[in-house]
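Multiple structures follow.
There are two complexes below, and they share subunit A, which is joined by subunit B in the first and by subunit C in the second.
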Partner chain A sequence: MKIVVAIKQVPSLADEVELNAEGTNLDFDAVDFVLNEWDEQAIEQAVLVKEAGSGAVTVIGVDATGELDGVLHTALAKGADAVAKVAGEFEPGLTSHAQARLLSSAIIDMAPDLVLTGVQAPDDLDGQLGPMLAALMDLPYVGVVNSVQVSGRTATVHKEYAGGLMAEFSVQLPAVIGIQAASQPPRYAPVSKVRQLAKTATIEEIETAEDELESGLSVRSMTRPVSVGHADMIAGDAKAVAGRIIAILNERGLI
Partner chain B sequence: MLTLAEEIAFILLVVVLGGLTAVGFRGIATLVRSGRAAPPREDVPRRLMSALIDVGLQRPIFKARPVLSTFHAFIFFGFSFYFLVNVADLFEGFIPGFALAYGAGGAAGPFLGGVANLFNLVADILSVLTLVGMIAFLVRRFGMKDKRLSFNDGVLLHPGVQAGGVRRDSAIVGTFIMLHVGSRFLGQTLRLAETGKADPFMPFASLTSLAFGGLSASALSLGIHVTWWTAIGLIVCFLPYFVFSKHIHLMVAPLNLGLIKPGPRGLLDPAVPKGAPDDMAPGAAQLQDLGWPRLLDAYACIMCNRCQEVCPAHGSGRPLSPAALEVNKRYLFNHHFTSLAKGEQADIPLLAMAISPEAVWSCTTCYACVRVCPVGNEPMADIVDIRRRMIYDTAEIDSGIQGALEGIGKNGNWFGKVARTRARWAKDAGVPIKDATKEPVEYLWFVGDTASFDQRVVPLTQKVARVLSHAGVDFGILNNEERNAGNDVRRVGEEGLFEMLVEQNMKAFGKAQFKQIITTDPHSLNTLRNEYPQFGAEYPVHHYTAVLLELLEAGKLQVTEKLGRYLATYHDPCYLGRYNQGYEPPRRLLELAGMRFAEMPRNRENSYCCGAGGGQIWLGSAPAGERPAESRIREALETLSPITGDAEQLLFVVSCPKDVVMYTDAVKTSGNEGKIVVRDIIEVLEEALGLTEPAGLPDTAQVPV
Partner chain C sequence: MSNDILVIAEHLDGKVADISYEMTGKARELAAALGGKVTVALLGQGMAGQAGGFASDATLVIDDPALANFNPEAYGRVIAALIAARAPRLTMLGSTSSGMDLTAWLAVRSSLPCVASVNQLAAEGDELRISSQIYGGKVAAQVSPEGGRAVVAVMAGAFPAAAGRGAGPVEQSASPVSLDGLRVTFSKLIRPEAGDIDITTYDKLVSVGRGIGGQENIELAQELAGALGAALSGSRPIIDAGWLPKTRQVGKSGLSVKPKLYLMLGISGAPEHLEGMKDAELILAVNSDPKAPIFDVAHYGSTCDLFEVTEALLEALG
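Now for the complex of A and B:
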């Protein structure tokens, strides 16, 4: 069983994101990158599948930030058996089309039985990457999955529907599966191990012949939504809050 | 005195059993060396010397249990002197005509006589004292069934221990000592009886000799031979048993004390030895993954359970006993001795055989066990090493601890707050607080997670800011660049995250300009003061209590109101007190504030942990039983209630943000609300300085909207 997990880094939303000067994208110099949280679920699910049966998990991504190594070492610490990155001169903010082409050409050579990826990402809310990967590799795709079990050449997956409904699918392998959540919360990646792996592990670098990175679409402008009115939050203890409310009521001549 | 046959028999015995013992001791040395490397011991000869002096004065053992320690001292002095006695007895056996009884009047002749008299007097008295001490020990263990010698339910015990191995060993050692010393004393008695004279330098033996006056000369001579054998021959027979008995402590304990860890208490050994290969797993899963000093510990252990007695986890009924850990290790060594003595690696998984996972996660890293151990053992160090490997293998990590570690890894704090909100408390502190990364300051205030984020503690943090500012102290903070200092992260076993935090904080230090560090958090203080220097961050680190005291003594702060209406006691936080000896400043501050004060029985070195340290505060589930903090509140009330007098209020004063939280909770959960109030020292001081804000609505202009 060869399981491949396709991952990517996305801007951290814990901090305010800034727009670039042209107003066409984020200012990638000003953001921190983190692993897409759905990809984190995909890694966990892959390791669970491996642990339930046998096989090996390879985690692969495109290094568009120069910081992918840390993420790959973390994947190893969580139980992946091998990691690889598509090497090249890439800029952050690769489109899903580009990601899909780069990843699929590398993954196809690995002859995987199962390809997992996060069903969506903050910069891919419509979840294009999975279906595109499947299309480019000519494999079936199921998305919004929250449990995967493999027996023989078939995977049984649970897919979520609106209204709390759940469907069970049997998928002929090889296939691509878009993970919404792993069947268990992602395990802890000990920093001790991550740091050790950073010294000892090897990351396979895959050269790519792919040079078509455009998606055919371009962003004309990116802006923040204009806010219409806002609520004032009053902080502090009960006394402070009460004091402030009295002051506001006074200001408006209500008392 | 001995016949030729006896002499030959004795020599044969020495050769055979002595040889066997030597092989055993060599095996122990091999075994101990099979542990992982440890930081190099410094200054070994001097430390060994001072260990011998300490042992000679019985200092380490008098750290606790004064009465039993006195009996131990009897046995110790007796046994030490018996080295000389045994040599003399050997001479007596093998050199015809050599006898020390009667000193100057006996066969020793007038030349040796004076020395012999003194020798006899000391031997006579010490023999009796040893017997008295030994009887006391045996009565206590077998007659009184001292509860301190048993373990909590659920403590993992080696089958040999379960089967009463420690009791049997104690019985054998006790019998040996009684027989050995008793026989020697009886032998001297019989010698005196042989001549029918009393020797003023052997008062006790002279007294007992009266009982044997009626025996025939041949009976007496037979008795003298028999007692020689049961005194001296017995030692030789007993030698091989040493290798497997806890009685070996009499040799290993001084060695262990001499080889004690260099450096401060608050500095942990690294998770992998320096210079180890990059892929070596940190910490310990197998017994021989532990550092060699931890293996030696098991041989020094006398199985007295003192460490267990002071352990807060044990005290709250949890299945942790630091003593059981050491005892188990020793029994495992005995069990696998043949292969270990050859230097082989044995399969001895610690979590299955020496200590249970639940016990490992019960330790608060309070250091009480290490502090009290009379032979210099460090059970806590084993526990931290076991945690390190558990974290590394992601085995059985409590969900609460995992959450805390993930939060700290991501945001630098365990409150689940994003890093950029760290300094929010400073906005409504009431005084401007400098950003040390933007302007130079004298003191860098390392705030810590609890003081920054816990809403119960934030007002206290702000008070500290106001008092420092009032005293004109030039201080600043790292703002949102500060990260958790990593003290508890390291003690939970996440060495990698700890290193990462050190790097992040050092990067922030690098952006700031300051000369010294001040903190309210003893945990941060400990690692900043004792561990960061190893990574290159060397600054003087002060607890706020020390700085406040300095300010008062320099007149920069003035007490305007004596707080005589309060009756207070003070809790020493482990990481300020036991780890860093910050005992006096808080007490001086309370004194200057003019309050009535009483110490709890467990204070300073003996302070009892609040139960929060070493990651306990992160644990997902609260274990049943009286929690350490509740036991402490009870102790405070027992101390203060009888002497309340006209005090308006009883205070439980603390000087650690975690303590504020722990004890405020404990007062509620133990149903003592209204009886005693928990106060941080800054609140007390603010009141005494007359800086308390007038009651009523606060200035709303400062409340952010």
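Now for the complex of A and C:
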């Protein structure tokens, strides 16, 4: 079983996201990058599949931030067997089309049995990576998946719909699966282990000949969302806020 | 290229989903501006009975046993063939569990641009102007497809459903492509386990998000819920972490709720969460980030620390 996990880093949403002066994208110098949280779920699911059977997990990304190595070392500490990145000079803000073209060319040569990726990322303006990888590699795709079990050449996956309803599919391998959540919460990687791997691990660099990286979209502007309304903000300290909340609930007969 | 709009209707568990009408209503408006027609495609088996309810120029029913339940491979093949044959200006799918499997795949297959998480669509002259909500609802991107055509995934609830209901003519058709040799097979639907409370029946909900920090703090929120006579619910990360059962999840892949009170502690207001609670009668949000998208939706807000507010509420409620 050769399992490949395609990942990317995205701006952290815990902090303020600043727009650039032209208002056409984020100011990438002013953001912190983190691993896309659904890619973290995909890595966990890949390691779980490996542990339930056999095989090896390779985690691969395009280094658009100059900081991907740290993420790859963490993936190794969590149980990945090998890590790789697409060779080249890239800038933050690569479109999904670009990521998909670069990653699919690299992954196809690995002849994977199973390709996992996060179901979406916060910066997916021009579409999700998983279905694009599948289209480019001519593999089947199922996304919004919260469990993957492999037996022989078949993966049994659970896809989530609304309201807790799920569908079970069996998928002939090789296939691409978009992970919503791993079948158990992602494991913790001890910092000491990550540090040690950063000294000893090798990150394979894969050359690709991709140059068709356009998304076909022209971005007219990026702005903060224009909202129709805004919450009435309650001033004061926690005690004052609690008092006001209770008054509001009283007024409406809710307590 | 035509100026026509292709709407991919969606159904779950035998019932056409509202997103189908929401897209059709918007498609009507765009088609009128562009001078094209609206075709709704309803893929399935035995769905014809519900096909007459769209405000379309035509509703195409494609009936096949392989389409009885959503199957990304089978649906993808059929829709790709429809796009190839009709060259629609715009193909609209829902940004839903099934639509998210198809949109980007169809775009790559059809060599068309793709726009995800769309919440506004307009035609200005001959140009399509599309807005997408990205970065967890913190940024709105305004884009136009360079060649004029696109495949888009439309957020649930972005447009009113009423404008898409009507009595457009229905055409029946067999699948335009072979559905043999599928590599993806639908096995069964799995229904949620009963046993826990049903949060959709509660008048009052206290809902916790990632700001709650750790499993050890859930008890505090439960205490507040108890004092208010409310049930405790949560955002997706709380459920994924195993801190609350799946039955308590509010949002796109959880439950839709419409309580009289929705008190939110440490939830940012990502579009997927809003989908499940934006129609609550009274929304109170406590979130330390003044720029959190939830404040665009909540009726009342506070940027105080959620723990301090919870303690103060508990004290005041005695």
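The definition used in the following text is that the second predicted complex is superposed on the first by the 222 of 255 C-alpha atoms of A that agree within 3 Å, B and C clash if a C-alpha of one lies under 4 Å from a C-alpha of the other, contacts with A are read in each partner's own complex, and residues count from 1 in each chain.
Here is the rule we use: a contact is a pair of C-beta atoms (placed from the backbone, for glycine too) under 8 Å apart; a residue touches a chain by one contact, two chains touch by 3 or more.
What you see is a predicted model; the values in this text were computed from it and never measured.
Colleague: Figure out whether A:G243 sits in contact with subunit B (first) or subunit C (second), or with both, or with neither.
Modeller: both
Colleague: Check the residue A:D232 against both partner chains and state whether it touches subunit B (first), subunit C (second), both, or neither.
Modeller: both
Colleague: Figure out whether A:G152 sits in contact with subunit B (first) or subunit C (second), or with both, or with neither.
Modeller: In the superposed model, A:G152 contacts neither subunit B nor subunit C.
Colleague: Of subunit B and subunit C, which one touches more residues of subunit A?
Modeller: Per-residue touch count on subunit A favours C.
Colleague: Could you look at A:T200 and tell me whether it touches subunit B, subunit C, both or neither (first, second, both, neither)?
Modeller: first
Colleague: One more residue to check, A:G66. First (subunit B), second (subunit C), both or neither?
Modeller: After superposing on A, A:G66 lies clear of both subunit B and subunit C.
Colleague: Which holds for A:V191: it touches subunit B only (first), subunit C only (second), both, or neither?
Modeller: A:V191 contacts subunit B only, not subunit C.
Colleague: Between subunit B and subunit C, whom does A:D124 touch in the aligned arrangement: first, second, both, or neither?
Modeller: Touch status of A:D124: second partner only.
Colleague: Once the two structures are superposed, pull the subunit A residues common to the subunit B and subunit C interfaces.
Modeller: 232-234, 239, 241-244
Colleague: Show which residues of subunit A lie in contact with subunit C when the two form their complex.
Modeller: Residue positions touching the partner: 11, 13, 16-17, 19, 26, 37, 41, 96-97, 100, 119-120, 122-132, 134-136, 140-144, 156, 158-172, 175, 178, 180-181, 184-185, 215-234, 237-239, 241-246, 248-249, 252, 254-255.
Colleague: Going by the contact rule set out above, which residues of subunit C touch subunit A in the complex?
Modeller: Residues of subunit C touching subunit A: 12-13, 69-73, 96-98, 100-105, 107-109, 112-117, 129, 132-147, 150, 153, 183-192, 203-204, 228-229, 237, 240-242, 246-247, 249, 252-256, 260-261, 263, 268, 282-286, 291, 293-305, 308-309, 311-313, 315-317.
Colleague: Provide the residue numbers of subunit A that touch subunit B in the complex, in ascending order.
Modeller: Residues in contact with subunit B: 14-15, 187-196, 199-200, 232-236, 239-244, 247.
Colleague: Looking at the complex, which residues from subunit B come into contact with subunit A?
Modeller: Per the stated touch rule, the residues are 271, 278-279, 282, 388, 391-392, 394, 397, 402, 405-406, 409-411, 418-420, 428, 494-497, 499-500, 697-698, 700, 703-705.
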